[in-house]
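Next up: some structures, all given as structure tokens.
Both complexes shown next keep subunit A, but they swap its partner, so subunit B is in the first and subunit C is in the second.
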Partner chain A sequence: MSSGFHIVVCGSLVPDPLQTLEPVQGPAGPALKNEMVLPAVLDPWAGHSLYEAANLAKNTEGSKVWLVSLGPKAKLQQLMMTIAQKVGFELVVLDGPAGGFTDSAEVAGALAGAIEKIDGLDKSKLLLFGGCSSASRDAGATMQMIGEHLGITDQFLGVDELTVQADGSLKILERIEGGQYQISSCKGAPAVLAWATGSLPEPPNNPQVGMANMRTIMPALQKAQPAKVGAEGVSFEKVEVPVQQRQTKIVRDIPVEEIAEEIVAWLKG
Partner chain B sequence: MNTANAATSEKNTLSLSTLPGDDVRQIMWRFAERFELQMAVQSARSVARGVVARLVAEGARNTHDWTEEKAQVLRAFDESGLTNVFMEPEDGGFITGPKNLALALVAFELAWVDAGAATTSMAGNLALAPLHERGTPEQVRTYMQRCAAPQPGEDRKPWHGAFVLTEPLPYVGVDTGVLSGKMRVASWKEGKEPILQVEKRGRFITNIGFANFVTVAVDSDDERIKGSCMVILEDTDEGNFDAGSMTLKLVHQLSSTGDPIFNLKVPASRIIGGYTIKDGVIFPNYSHSEIIESVFRRTRVTAAIMSSAKLLSAIEPIIRYQRGRFRGGAGSTPGTPRYDLGIQQKEDALHRLADIWATGEASASLGFAAARFFDEFDSLEKEKEKIFEEQGLKGRAQLKTLRAAQEEALEFMELDVQPGKKRDAKRHEELKAKPLVQFVIGDSMANVLCPAAKLWNTGFGTTMMREAVSLMGGYGITEDCPGFIGQKWMDAQLEATYEGPEAVQRRQLSVTMTNEVFLAQLRQWIKDMRVVAGQRPGTGACTLAKAMELWDWTLQHLMKAKDADGKALYHGQRHGVTFPMADALCWLLSTRCQILDLIELEEKGPDNPVLAENLAGTVQFFTDLCHVQAARAAGEVGRICAELVFGYNSHPSWESEPKVGCNVKAGPCVCMDEMRPFVELRSKLDGCLTGSRLAKDRAAAALSQVMIPEALDYPA
Partner chain C sequence: MEVDIVCVGFGPATGGFLTTLSKYLSGADGEAPAESRVMPGMPPQVLCYERADDISFGVSGLVTRGRSIKESFPDLDLSQIPMAHPVEEEQVLYLLDPHGASRRSPMLRNADRIIRALKAVLPYEEEAFRLPVIPPFLQKHGGMVLSLGQFNQWVGSQLMGSGTVQIWPGMPVRQALVEDGKVVGVRLVDQGTDKQGNPDTGFMPGMDLRAKLTVVGDGPVGPVSRRLDEEFGMPEGHHQRDWAIGMKMVVELPEGCDLKPGTVLHTFGYPEPEIFGFLYVYTEGLASLGIFVPSWMDSPVRTGYRYLQYWMQHPYLWRYLKGGTVRSWGAKSLQEAGKRGEPYLVGDGYARIGENSGSTNVLTGSGVDEAWATGVQLAEGVAQLYKEGKEFSKENLEAAYVQRRRESWVEKEGRVAEKARDGFQRSFVLGMIGMGLTGLSGGKLNLSGPVKKPHERIPSLEEYYKGKLTPEEIEVARNESAATGVGLNNLLLERCGWPKIEYDGKLLISQQDALLLGGKVQAPAGYADHVVFVRPELCEQCQAKVCIEACSGQAITPGENGGVPQFDREKCVHCGVCLWNCSQAREEGSERGNVEFVAGAGGLHSAEN
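Let's turn to the complex of A and B:
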């Protein structure tokens, strides 16, 4: 394919899951304790989609990658110090909350609006990438709604593999229920691909790549538009950290099969 | 939603909420505006907490040899861009200008997990450092580009280097002034470049297991070569390039260390910095000691930072261990203090941890201050070199010129602290514009900061690492100790030796700290700290100012005083006097840097929206740590000074008549009126300790409340 793809990746930060994430009641509704000072990482699903996008762009001449992020811009700046080192992209920033207590529909609306405004974006070449469960508390709804806003109806919502065929069509390996895969094909762009895992490892940080990206990232951060997303009309009955359970039994020399049987029995209750 | 959480959050605003993150450190260590450094930090962190941590956890340190497994670290350095941090942009690097802070930050991140890996990175740069400082443009370009990591799409294996100075002289050849490495003219054809025969045996050489080239210090063994120099040897040169036997180190096993043997023929163009031929004699442009001096005054700071990283990295694993100590045991149920706080119910554990943290902060502050200082000083040094070259000044002529500049430097410093309206503005500007005057001031600082950071960070840092190990119980001395703290303790001992052991640093300090230009600077710091104390009494700045005053008084006294036998006290060979004073100075310098970093955080923190919410609590905690450290420093300085001031007088004997005013007790009593100023100073210093233990209590309480991550910052 000579004309290439315009790949827009929707991806933002999440509090580092290795931290203690303790919900508290903030002035504007539920929040995480010490949220602003908690280290942030790129949402792992969005990470997969970004690395896949970068790889696809590298191997498809004439392609370009944008990363559209919705999050507090001060925190995004720190995150970009890492992300910018991994792959090349142009950043589009929306300044708003990203603590997990936002509504998928509002997030999708804001992201779609930002994508519409990207200069030079050719929608006929658009592949909309993102994480399959990002910004939706695992409901898997956000990417679908962005696609709808942008009028893209070819949607694949649990992608593990994308192959561009010789004729430019896309072959997609998608997760479906019961641990099964569905293989789909579509004529090509535009399409929505919400990634589950992908197959590419996380590229190592390289400050040289980062410095090249920072030339466009800093201006993008400076002109980030505020995005009013939240969860208006939604009331959280209860927000709590899952209770940890630890029931340890120490038994020596037990056969593997027996351990497996015991775990299965425990899972079945 | 649990509303109790909101109330707790409110109550905790003046305490430390979470462990300090990058935003805090970037402000304190002054790289918040430097994205290239932030990226280098992220890059180093990903290598350290990924490849390096896995290697350590899998037991790669259990062999002395350089293995294929360990070589993964080199590849990780290349892939992550760390190799190129040292390079100039035209050679493949990405940082413009001096790189002392950048290299210190990289070393800090790597040493957070394993200092052996940090040393491997540092030693590669050390091999190139002689070229960077004194190499000819051709030498610099050639070797920098060979060592730069390949760019995307480039198929090239990068070179690695080793720095070969120490030799198997008796007692491992720590005296860098004595060389047994020799260089002779092997052949010299008419009109052609001379070919040199270089023989050198190295001892304890880092990176030697995989080095493609080495930069070695050698002395002339031929009347056709004058003096000493440094030479570049490559593994494909004609002759013997043998990595020798590996050193059986008990520490830093992720670095390669051995005793190489070289006997090679190389062209004279490999002499670092080039040479000139006069009357058939080769004169190297730089002696080996000239090169080493400019290399070590920078790289020692990087080594010092490694020990700081260890102390600060120990905090989180210790808190985790202490809090979870009793969990799972009978009577320890969730919600009880025993379950939630574990050993942190007890004051001792918390106080000791506060001491470790305070030392780590002071040591990092000193190390990074030194690194930043050298970044600023680089241009002054280059300017000085240029002036000397233009004026054709060498050896004694240089010293004479600098001595003249010293007078003007003192004059400038005096004018500089005067209020603008009172001072002679014209003269002030005139002196400010003189590069040699500014160089002399900077040089006096460089000559103190570098050895002080190296000596105190690694020396006292190692002592405090033992304390960290002790706080981990039996876990501390196991291979599975979270955070590898036991290994870090042992490693720290080697850092105290790299690039000159502690005696070398003390020796240098004992000479440089008496420089009048430095002392003028110190006296200004005393005034500055008093101003700080007025604005921020909780920092311990008052204590520090008084301790500095006591040290200064003691130094002046020792330089004039004689002992009971009539011998001069402050003398180059009298290490019993000069070395403790050097130690005492280090305490003062590190605490001052710590307080300055705190002020920076307090002033610049509000500009960072990420920090705004918890800044007050973070500042309060760091203020308390400063006070804790200032009190400790004052105690050490007071003890050392008192020992030196009184200790060299003979004690009154039973036969002596008691002096008037002394109480007669079981034995004769010392009463020295001439020491009254010292006694008064020390007594005031003791009074300055007011509030320091309350600060420690507050810091300890914060430690018991601070939120820590669910998992360690790198796998055990």
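Let's turn to the complex of A and C:
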């Protein structure tokens, strides 16, 4: 396909899940305890979609990748320093909160508005990528709503694999229950693809890619527009993150079978 | 790839350098006052590579007078930096030993008895004696408490907002490129290798970045710094033999704890006399606390984590900490040779700044502000050379940077501190007397003397525990440790009268849980292991294996049949303690032990530190 795709990836930062995340009641609703001091990482689902986008663009001549991110500007600056080394993209920034307690509909509205304003974006070539569970507390609603805003009705919301066929049509594997896949085909762009895992590992850091990206990232960050997203009208009855359970035991010279038996006994309680 | 300036490591020194340089490069009218020498028509291209996966990496709670930092940010608003707070109250405490198990000298035991006997009339509380006066050289009043991680993040965001410099985390620098005695840039580490460094899937050889100036600020155990020292040697009489391991936590204080933000506590004397401790109280109920275990503590089993747990439970501190929760944990080496460890600061095409350049002041117990200042001095020098259109030659850098540094307070105070801790080479009490003499006389009086290399100091277990444990008891403990995997020092400490640690699951947790709950090591695949046992035969004959007991993350474990230890980078927090805690000289007369600490990606991943 000579004309290529215009791939817009929606992806932003989340508090590092490796940290201790504890919800508290803030003045404006639920928040994470000590949120300002928590390190941020790229939402892992969005990460998958970004790597898939970069790979698709690399293999499809004439393609281009944009990354649209909504998050606190200062934290996004640091995040971009990490991911800009991995894949080539042009950045669009919305300066807003990232605590995870915003309403998916508001996030979707803001992102769709930003995508509409991208210079040179050809909607007929648009593949809208994002994480299947991003910005929705696992409800999987955000990408679908962005697609609706943009008038894209071909939507695939649990994608594991995308193949561009010889005729330019798309073959898409979506995960369904029981380890099965639903295989769909679609004529081509425009389409929404919310990625579940993808198959590409995180690319290594490449200083040259980083240098190339930085020429557009810095101005984009400086021009970041504030986005008013929150959870107006939404009330949270109860907020909690799963309790972590750790019972560490260091063992040495114990047969694998014994370790397995012990784990099974522990699981059975 | 060619750039103008490449920096190695993003810490306070590079922070100071880039902050000052970016102000110059921004120009008053928005136009860069200097032109790139590699890309004519462009502003100078300035890059910084940081090995950790985020520029917030760091495990240092710190108190600083912040003189140089405040000069860089005249309108510094501490409320903009999470956890930062002005110093409100300072105390220096001598902690007595409530268990009677520590290795105190008879003189120190007598001192404890006298303090207890006179406790009604002394500033005594909960087994601690508060120094009625803090010597001026130790005072930090007017300064601030900071999390180095949060501060670095804040500085990084200011820098990136300027758009004049680039900082790239997750990218270790393997070495400086040296051609005909000149440093011409750096080589990044290879990616896509197996653990031994052999090409594997997706192999990408480390890229060469040629630069007009290479700025090396890679910290206490920086591999680029060490390779430069090998290449160019050290100035006569200079050596880096004084180290300490800082074992630290950020703790959420329990509800009702009445320690106020800005409180600074420094302790000495417990759990062992050689170990110093600190507690800095931040905002929002958070505090940094930890201990320093120095190289002159002659223990072959110096397990910092265990000592930290005893220190926290000292009655004076435990009343504040009981019920608290670990939020993050980690460890970091401190290069404590200070001015005496100063390498050649400049050469053709390169300059050294920060901790590895000998800026840490061991008398005042400060290093961050000093490191920042050296970065500022270099940046001012670089700006001067740009204005004068001069090259980054050794001669020009001497005049523009080294001269500035020599005339600064960093140099003046560093000279005062140069011999401040020499007394500790002989004993704890002489060390304290020596420090006091040095501090109060402005460096005129010292208890100076020769400083041994760390590996020369380390005795056998039998020698160290002489009078406390018999060789037979030690052998039993050795066998038990080998059979159960329990650290040898844990067993030996308990045999010496230290109580078992009663885990509470929140603050008192196993070292592995600390790694899981508060450490969060990230060890990306595709890189070579960064801890290397250079001569396996030396490990095979080594009885002490301090690297195993001292390892902050329990990442080094016994090898097959007690031979070469195994290294698991999934647990390594990059503290570098193995580098200076090896009891085997690499070669006869060498300054270095048998462990090499090369450039590696990943490490501790926590900003709350």
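Operating definition for what follows: the second predicted complex is superposed on the first by the 241 of 269 C-alpha atoms of A that agree within 3 Å, B and C clash if a C-alpha of one lies under 4 Å from a C-alpha of the other, contacts with A are read in each partner's own complex, and residues count from 1 in each chain.
FYI, a residue touches a chain if its C-beta (ideal position, glycine included) is under 8 Å from a C-beta of that chain, and two chains touch if they have at least 3 such contacts.
Quantities reported herein were computed from a predicted structural model and do not represent experimental measurements.
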| task | Could you tell me whether subunit B and subunit C fit or clash when both sit on subunit A in the superposition? | result | clash
| Partner chain in contact with A:Q208 - subunit B first, subunit C second, else both or neither | both
| query | Between subunit B (first) and subunit C (second), which does A:F236 come into contact with in this model arrangement: first, second, both, or neither? | reply | first
| subunit B versus subunit C as contact partner of A:L221, first or second or both or neither | second
| said: Quick check for you: in the superposed arrangement, does A:P23 touch first (subunit B), second (subunit C), both or neither? | reply: first
| said: Looking at A:Q78, would you say it contacts subunit B, subunit C, both, or neither? Reply first, second, both or neither. | reply: both
| said: Just checking: does A:N55 make contact with subunit B only, subunit C only, both, or neither of them? Give me first, second, both or neither. | reply: neither
| field | Single subunit C stretch clashing with subunit B - from 7-15, 25-33, 115-123 or 457-465 | value | 7-15
| request: Show which residues of subunit A both subunit B and subunit C reach, each in its own complex. | output: 16, 18-20, 34, 36-39, 74-75, 78, 81-82, 85, 204-208, 210-211, 214, 218, 246, 248
| note | Within the complex, subunit B is touched by subunit A residues 16-20, 22-25, 30, 33-34, 36-39, 72, 74-75, 78, 81-82, 84-85, 204-211, 214, 218, 236, 238-240, 246, 248
| remark: subunit A residues touching subunit C in their complex are 16, 18-20, 34, 36-39, 74-75, 77-78, 81-82, 85, 202, 204-208, 210-211, 214, 218-219, 221-222, 246, 248, 250-253
| message | Taking the touch rule as given, give the residues of subunit C at its contact with subunit A in the complex, in rising order. | response | 1, 47, 49, 53-56, 82-83, 147, 150, 153, 156-157, 160-161, 163, 166-171, 188, 191-192, 202, 204, 207, 209, 284, 286, 327, 483-485, 510, 512-513, 516-517, 520, 524, 526, 605-608
| request: Using the touch definition up top, name the residues of subunit B that touch subunit A in the complex. | output: 1-3, 5-6, 9, 17-18, 21-23, 35-36, 38-40, 42-43, 46-47, 76, 79-81, 84-85, 94, 151, 328, 608-614, 707-711, 713
